[in-house]
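Below, chain A partners chain B and then partners chain C, in two separate complexes.
Let's turn to the complex of A and B:
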């Protein structure tokens, strides 16, 4: 969390993350290159570079796509998510190397501009087997570029989170194109069942983890749904018992379409919108630290009484009214404008 | 079980023990998985030909330059046991993805004796040369280097893949197949003669340069078939160590790659 736009707001964690990531990249390239030279000494430097960078970028994309659902399934994976954008930008650079080498190798030094050649050397778009797979890689690379270029809070702020998020969800479109790029390209030449199996295993891993995370999220959402009961005045809806919420933690509620995080702290209860302004992180999975609700994804913070980030930060989320009757907690799902101060509900000794 | 008392914030210096332990487990799994994936990819790819492109190593050759059916340099290569001169035909190609069919070097007369320098490309007994310079010599061609055989009268059917000989002989590895398709199309569009790569059941490969029935270039007609499995009918001629398939392009049929096998005589 930073009030100014540093190119990179370095933290010890980010430094360690980047060192490990670069070691991973270098290690893979050395290992892959070494194995190729041992088992296939006839390989050319160009082919070695193309295959090493292509497989590495594809592998990194799988890791990137698996981190999200892994964190939904087990929040102890969150340190992998924290600096994932560096992993994404590095993956793009590796993919760009692959793309440039391919463009030069297969399309340069000919009787057409390389980019013209890319789209005119093979125009059999109507055939699956003969499909011009390189164009799929090109468009996927463009999408990865857009994501890498906007992978900074400056763009998140200026594009607005919904637009930024929608743009970055394009990674799934890029992934689908790259799977087809591989299947309609090199797999048409290298027909080993092992290589086909590896590609398939990657797809199954990505889809399986996303499916498992979606099922878990649906269960969580289902458990969080509350419905208005008769006899409750002023639009308040029963949320839970006071004892259901651990101290300095929250309970997620979905009431009438509103996604709410209900926090308990210092014998008080406050409710704010559940989605962090930064990247829609689930604030209900956060914790109150130093008096601030802290998002589990990137550490953005909000004051529970008014949904405002503490100065000098400017992020704000909606707030809601909370009431306590006995040990029962009620929430009014009508949101107040972002950053509106609402008095917390007091948990008295009589309540407990 | 997750320890709910632990909470991770990225901007803090240390991750809670449970989070750090889970990340270490993940990294350990990656350290096992990634080398295994790299090894499987390398071990189960189909390998590369022992073809050679002597890029950067100039070779000077003297011989007779001919343009038809393809640009060849015919050189004498010693004598056989009976004292008969052995000749070799070297396919001439230009730098990049261009055939030796355009440019100032074409001012050299067909049939003249020349000295050529360039980079050799060779594989499976076939040789090409990426020409960097060509100079005419004042010398009469020996009879042996003028010889070429007429195509036979019998028609054959060949099944294989159309690619370009420059890449196939060593400039690229692999110089055939789907990933190389676009490059082969660009090379053939640039004037490099198309070649039919035919493999038999024993895994032996033969290469047939493709020309029209009268020896004319078919490059533009074949572009749409490059990289695919095709069946061609025609007559076979020999240009020293090169085989040439003289074919009517209207007979080309696209076939499944699985159907690629040795040819039969046309009916």
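Let's turn to the complex of A and C:
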């Protein structure tokens, strides 16, 4: 998991995912190119490349942004999440092609430096409609580059997860700039209501899915708080019934601000922090494989009794106390330091 | 116009310094920063190069801090 850095941790699923993704990229470029040649037979190769890569990168960015909320709404989308960074890097490469072709076609043929030309060819920064949309694309591309360049686990570890996460949340800033880039570009150059409509539909889809996922999360959190109101003394609060948790699976709880994954396995119950040390993946959506809690995102593993990754790995998460009374499960939301061993609660015939 | 020229030139200088730094970083610095990066393949080093060039002021500061800490220990 973290002892050796490989260029890519290949798995059969990743290979399949990448093949499907590259097939989609190739298929899109062929289809888009064919349609452009049919409807615009005079189009130059450069313009065709700019249009094809620009629309493809924008479409891929929408897919990337929709994967997170889709997974929170329906677990069947989780396989899309596991290899999202390859999708992100590929999207950046497509966007880079779009940017380079634009820079060459529109700014590299004069006397001025291409970047100087980019920022001086249109200086109507005070106008909403005539705003220089290409500069928005340039800054968005820089942000996408930073995310693609730091996508390797080395950067996650050495920039620290909070910094890395904050950097990668910049995708939403980049997305906002790209929406403006596309909208202004369409308004200033294409004047196509279809393109404006498609861009608007994309924005609605991204915002709608994020909103739906947030509502679902708020309902889940509210449920946990209602359970908490029935708490018993000594800091333990009611979590759920034993039967509510499938074998080798978990229930996600938010109690007292703590995000907890409560696992049932081998007639035992253990609770650990819900967020994986790797990329904050939801451990409660994983399952126990070979005695280890396995993160659904990238397979990082933790022992349920102590929240430690099995040797030789060294990731650790917080642990919590669990008690069973009858068929009811109680969790104390006070976290123990990362990697602290806590005895699991036993499910016996007497408790049931 | 002159201001933009100046900013673009600063940007190019930043990139040039980043490229030189990143070459040193993937050769020596990465392993200083993270013991797990000792003996990594050249393919992996190549993957670290772009971010090494882009984030060179942050990485240089970290590298210097580690070097100072090691020299104090000795």
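Going forward, the second predicted complex is superposed on the first by the 340 of 352 C-alpha atoms of A that agree within 3 Å, B and C clash if a C-alpha of one lies under 4 Å from a C-alpha of the other, contacts with A are read in each partner's own complex, and residues count from 1 in each chain.
In this section, a contact is a pair of C-beta atoms (placed from the backbone, for glycine too) under 8 Å apart; a residue touches a chain by one contact, two chains touch by 3 or more.
Remember, it's a predicted structure, so these values are computed and weren't measured experimentally.
K.L.:
Here chain A is shared; do chain B and chain C fit on it together or clash?
P.N.:
The answer is fit.
K.L.:
Once chain A of both complexes is superposed, is A:157 in touch with chain B (first), chain C (second), both, or neither?
P.N.:
In the superposition, A:157 contacts chain C only.
K.L.:
Decide which partner touches more residues of chain A, taking chain B and chain C as the two options.
P.N.:
Answer, by number of touched residues of chain A: B.
K.L.:
If you stack the two complexes on chain A, which partner ends up touching A:115: first (chain B), second (chain C), both, or neither?
P.N.:
A:115 sits against chain C, while chain B stays out of touch.
K.L.:
Go through the superposed model and pick first if A:348 touches only chain B, second if only chain C, both, or neither.
P.N.:
It touches nothing on chain B or chain C.
K.L.:
Is A:7 in contact with chain B, with chain C, with both, or with neither (first, second, both, neither)?
P.N.:
Touch partner of A:7: chain C, not chain B.
K.L.:
Thinking of the overlay built on chain A, is A:63 touched by chain B (first), by chain C (second), by both, or by neither?
P.N.:
After superposing on A, A:63 lies in contact with chain B but is clear of chain C.
K.L.:
In the superposed arrangement, which partner chain does A:149 touch: chain B (first), chain C (second), both, or neither?
P.N.:
The answer is second: A:149 touches chain C but not chain B.
K.L.:
Report the closest approach of chain B and chain C over their C-alpha atoms in the superposed model, as a whole number of Å.
P.N.:
Across the overlay, chain B reaches chain C at a minimum of 12 Å between C-alpha atoms.
K.L.:
Taking the touch rule as given, give the residues of chain C at its contact with chain A in the complex, in rising order.
P.N.:
Interface residues on chain C, with respect to chain A: 1, 4-5, 8, 11, 30, 33-34, 36-37, 40-41, 43-44, 46-48, 50-51, 54-55, 58, 62.
K.L.:
Please name which positions on chain B make contact with chain A in the complex.
P.N.:
That would be residues 2, 4, 6-13, 15, 18-23, 26-27, 30, 34-35, 37-51, 95-98, 172-174, 177-183, 185-187, 189-190, 224, 227-228 of chain B.
K.L.:
In their complex, what parts of chain A are in touch with chain C?
P.N.:
Per the stated touch rule, the residues are 2-7, 113, 115-116, 119-120, 145-146, 148-150, 152, 154-155, 157-159.
K.L.:
Can you tell me which positions in chain A touch chain B when the two form their complex?
P.N.:
Residues 1, 11-14, 20, 24, 27-28, 31-32, 35-36, 39-40, 42-44, 46-47, 51, 55, 59, 63, 70, 74-80, 82-83, 105-112, 117-118, 121-122, 124, 130, 132-134, 184-186, 188-192, 194-195, 198, 246, 249, 286-287, 289, 294, 296, 298-299 of chain A touch chain B in their complex.
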